[in-house]
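Take a look at the structures below.
What follows is chain A paired twice: with chain B in the first complex and chain C in the second.
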Partner chain A sequence: MTGQTSSRAEIPVLSVRDLEVTFPTPDGDVQAVRSVGWDVYEGEVLAIAGESGSGKSVSVMAAMGLLPATAQVSGSIAYRGRDVLAMSDKDLERLRGSSISMVFQDPMTSLNPVMAVGAQIAEGVRIHQRVNSRTARSKAVELLDLVGIPNPSQRVDSYPHELSGGMRQRAMIAMAIANDPDLLIADEPTTALDVTIQAQVIDVLERAREATGSALVIITHDLGVVARIAHRILVMYAGRAAETGIADGVFERPSHPYTAGLLGSIPRLDAPKGTRLMPIEGAPPSMLAPPPGCAFAPRCPRATPLCSQEIPELRPIGNQESACHHGEDQYNEAEDV
Partner chain B sequence: MSSPADLPVETTPLLEVTDLVKDFPIRSKGAIRRTVGMVQAVNGVSLHINRGETLGLVGESGSGKSTIARCILRLIQPTSGSVRFKGQELAGLSRRQLQAMRRNMQIVYQDPMASLDPRMTVSAIISEPLRIHRTTSDIGARVGELLELVGLRPEHGNRYPHEFSGGQRQRIGIARALALEPDLIILDEPVSALDVSIQAGVLNLLEDLQRQMGLTYLFVAHDLSVVRHISDRVAVMYLGRIVETGTGPEVYETPAHPYTQALLSAVPIPDPKLEKRRRRIVLEGDAPNPASPPSGCRFRTRCWKAESICTEYDPELLDLGIGHPVACHFPTPDDLMGSEQG
Partner chain C sequence: MADVPVGILAGTPSQTEARSQWQLVLRRFLAHRLAVAAGVVLVAAYLFSYLAEPLTGWGYKDLSPDLSQGPSGDHWFGTDTIGHDMFAQSMRGLRVSVHVSVVVAGIATVLGSVLGAVQGWFRGRVDGALGLLVDFLLILPLLPVLMVLGTRTRASGGSSLMFVAVIIGLFLWAPLARVVRGEVFSIREKEYIEAAEALGASNTRIIFRHLIPNAMSSIIVYATLTVATAILLETALAFLGFGIQPPEVSLGSLVDEGRDAARTRWWLFYLPGAVLVVLVLCVNFVGDGLRDALDPRREQRR
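Right after this comes the complex of A and B.
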């Protein structure tokens, strides 16, 4: 499992370009996502990381056509070269659940509480595959076994409330991979779980990805989880991409002060005792009226007058891409340390 | 902060909890709610906190850590056990005596939006304890002082909680807890609801306040990295029991209980290269139902070291030559961070 997919001749499984998402509200337009783009290739794990309100989930929900009708979405989203935003509802339905599937943060709200988990998995199988109910049921048992649910042939008849949080999340993953998707999208899949259960679920996600050979997009605020599972990372701040690149490189030599700031503010289990945390001053901007120029400028230790005038475009720095006017300085400083 | 062991400076710990038990009844549904079982939320916990130090109480959901915090403050009544604060037993105190005692013990909750009254101004919130305990005549000045102490401005006092960000709200909760200059502050998951960039500022503030004011903290949290960062000593909980306790380095660098080892190995570190070569112990299954805990050692159902003795005898929290107390029949110190072993 190496992070490198160096030959980029192939077509990405999903390609997002110039994505803009706006939510009209009585107080004005919330600019949730601004000109964000990313690709995910076959067999690859892309992490979209950011704090609350950074737009990380919204960008993916837009790609899946799951946003409320009031959301204004523009840009292009292509699944293997086909335009997703132009698809009919019927085509979109076929795409979701079979080619692309999702795992959400809270399995209790995404599972049907009055239907046995096995029946829910079997239902998904029968929508997308021509099989009889018996085959669908045995497929459900097989899937529950794959995600490590003990006694799958009995658990198949359990209702969601009879399962623990970790087991429910496994059932969700089983459902998500039921139709052998090309792309699995997991939105904060481990956030509500205890750390020992979180480790299990990450293992199951990796196993599921390997079993199906699908690509994985994982949305998370936890940089530890990113380090654990991702090949590439996209760091988002205030609706825009701050930095993107191979995960190893971004963690070792961040080229955006926000990424560096995030890494400095996390207490690490392996940090020397007594290490002072380096918080990022201030708070994220309101998405109703984002500041002109770089949205991070008001909190940024490197900000210059240029930063509050001109929005920095994402551009190559080292092996990464950074949306910072002072990205080179940040990148070179990381090397000196 | 801590005095050398050979100097008999202060022998009584600020807080001493002995054999604390808290059972919650499980009641049947319907008009006659009979008690049909007991959840043993806390099952014989003993701990102490010395003046000026931070004890981190860490565990996963349902381990009983918050219940302990609530029992110490008598926000709930313990089933049995003793809680001594400055040498005085809290069990059996009258309401009036308890109220006087609570002046010296304050709590900061996880969710400031739920613990700050949305219809009160920040000044009113922070001054409420001052008014109840009638400690100062110049309340206005004291509120301004407290706001500055937690990194806010005195004029923020006229605003309402919803006008603040999550980090600022948590600072307001801290200012309220500090108002009566308590000896002990119980911090119950104080930073779990905050984004990491904000969390770091609150943790730094807590450290600074402790240094400036000689505060003592009981820091209750599920995040092992945060607990390691802030604590002098740590107690790890599993299913209502402390399974391992010691100084930060003892617990984090030479964990000897299998649960502590599994817990530490499960915490992802934000370093992809290190993550790839770390040894990981992935526990099977979930924690058992606290209404019917396993016989013997409560961890044995998920433990890879379990033998028949673990089913029969409940291991006591003892130092069996490890250097710190561990509740396990087969404790083996293990340096998990020295990763290279496979």
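Right after this comes the complex of A and C.
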């Protein structure tokens, strides 16, 4: 991924290279991630987009060392130059929650139902910082305030079931930033939420990122949700990168038919009146036996015989990088519109 | 790690009275009337057992000249063949039964919860090894084993009460371990466990702060059952002449001794028996209340 946005010469907070993750199952090996690479820099917002099963969650779980023991992982994941995949369990425990932390998809299930939210936030603080429970508690109140929970000094004693979904997700974000992480990973943070709440939660994430100065990786299947805050976008399909580039560029001139399909399937305020939403026909391929050549070929309007024979490599097209044999055509067509 | 800048916070957090989780639990428990009543009876009866001697003037070892008398103002529960005051004996028995069963349930509950959670969390070889031990304990015929141990301790200079309790406790954790293991297998797949891992929580922290608290309702129900089981086991042992030895008494030994007299001198059997039944019932009601109080999911929204 050389289409870097900034001219900063710093090393990335997290650097993923040639990551491959395979899960052995009784039916054969599921190739969840097939060679993916990305970097995320300090203060940057990277959105990883794709359908269910495209390997986006698996690739960040690998970065936190949270994959099940049966997963076979190759490639490299470096946190500030340190290889995460080679870390001991103790080092991983130190890394998680303090340097890299995570906001999960479903706030209904990712908070411990028998612990007050404040106690859970305070727990995160006390795992990584030597503070007494009183300090941790007041820290929890501060964090709840920061993420916009009204009446934080009372809410700190609320149990998860006493909070709404949006409030819970805010509490999750408070937990994630409790130790001022370098990297915040949000795995579909808005998917389980009401549409009216989604924008608020995205705003809170952005505010949390600003407050901590961390990098933010948002995993999503809905490009519309992250359009406002993403600096860079990585579109994944069937365990591979389909397209990557500066967010604005990708939104305006997608250079991969799949990205174009994703964008065409969400409503946009800036679309001309009367534009119809275009669904992507078909379903993602089975990762037990991904098709030879481009995995998107069976669903792609631009597919040619070449596509089902040769796997397209990621290559620069315009300001982006695209893994499509017909990337130029797509890119140029987008300009015409 | 630097703190999150406080500057952007809207005002300083206001001071709130530190309402701990246990205060909430207490409040919910108090809302459960039957459990509170049972708890009051339990505590009152236990404390009252210490007042029996000053009130009636009879100690549990005292022999009165009144033999085989029915309940009266002097002997509230009557007397037995050799002149023991049955009220003093029942109160002593109550105390002993409570002590034994609490120690037994405490040991069994702690061991069962921790080992069961360890099995469920680590799985694999740890689970296999502990599972073998659990299976072994479950198939052991408990009574004969306890009798053999009882004989040995008697030979080595009398069995103290607490020793009996500890031995019973060491044998009663296996069923709970199995229950907790099963619960943990389901809890461990919950997202909040993954979230705790993502927060950098260690195995110990996950087991004690997340897995066991979420299995708490089963654990409490089981602990309550264990108290009842312990009372009955101790009764059986006393009846067979093991465990508690005269002149020490327990409710179990009193009921067993009074059994033959149930038709003629009813007070020897029914009065200690009634105390025993009330005791076990109260323990169960308190267990119910605790389960409701400890599990916030049962609470209605305020």
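Convention: the second predicted complex is superposed on the first by the 323 of 337 C-alpha atoms of A that agree within 3 Å, B and C clash if a C-alpha of one lies under 4 Å from a C-alpha of the other, contacts with A are read in each partner's own complex, and residues count from 1 in each chain.
The definition used in the following text is that a residue touches a chain if its C-beta (ideal position, glycine included) is under 8 Å from a C-beta of that chain, and two chains touch if they have at least 3 such contacts.
Because the structure is predicted, anything quoted here is derived from the model rather than measured.
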Specify the outcome, clash or fit, for chain B and chain C once both structures are aligned onto chain A.
fit
Going by the contact rule set out at the top, does A:V195 touch chain B (first), chain C (second), both, or neither?
first
By the touch definition at the top of the document, which applies to A:S57: first (chain B), second (chain C), both, or neither?
neither
A:L269 contacts which: chain B (first), chain C (second), both, neither?
first
Answer with first, second, both or neither: which of chain B and chain C does A:V226 touch in the superposed model?
first
Between chain B (first) and chain C (second), which, if any, makes contact with A:D248: first, second, both or neither?
first
Please work out whether A:M172 is in contact with chain B alone, chain C alone, both, or neither, and reply first, second, both or neither.
second
Between chain B and chain C, whom does A:Q129 touch in the aligned arrangement: first, second, both, or neither?
second
Between chain B and chain C, what opening angle does the Cα centre of chain A see in the overlaid model, nearest 10 degrees?
80
Touched partner set for A:E142, first chain B, second chain C, both or neither
second
Contact-wise, after the overlay, does A:Q31 reach chain B, chain C, both or neither (first, second, both, neither)?
neither
Nearest-approach distance, in Å, of chain C Cα atoms to those of chain B in the combined model:
9
Quick one: in the complex, what on chain A touches chain C?
64, 66, 93-98, 101-102, 104-106, 109-116, 119, 123-124, 127-129, 137-139, 141-143, 145-146, 152-154, 156-157, 159, 161-162, 172, 175, 177-180, 211-212
Touching residues of chain A toward chain B in the complex: what are they?
3, 51-52, 150, 164, 166-167, 194-200, 202-203, 221-228, 230, 247-248, 251-252, 261-271, 273, 275-281, 283
Okay, in this complex, where on chain C does chain A touch?
1-6, 8-11, 13-16, 18-19, 21, 24, 190-192, 194-202, 205, 209-210, 213-214, 216, 294-297, 301-302
Interfacial residue positions of chain B with respect to chain A in the complex:
60-61, 165, 167-168, 195-201, 203-204, 222, 224-226, 228-230, 248-249, 252, 262-275, 280, 282-283, 285-286, 337
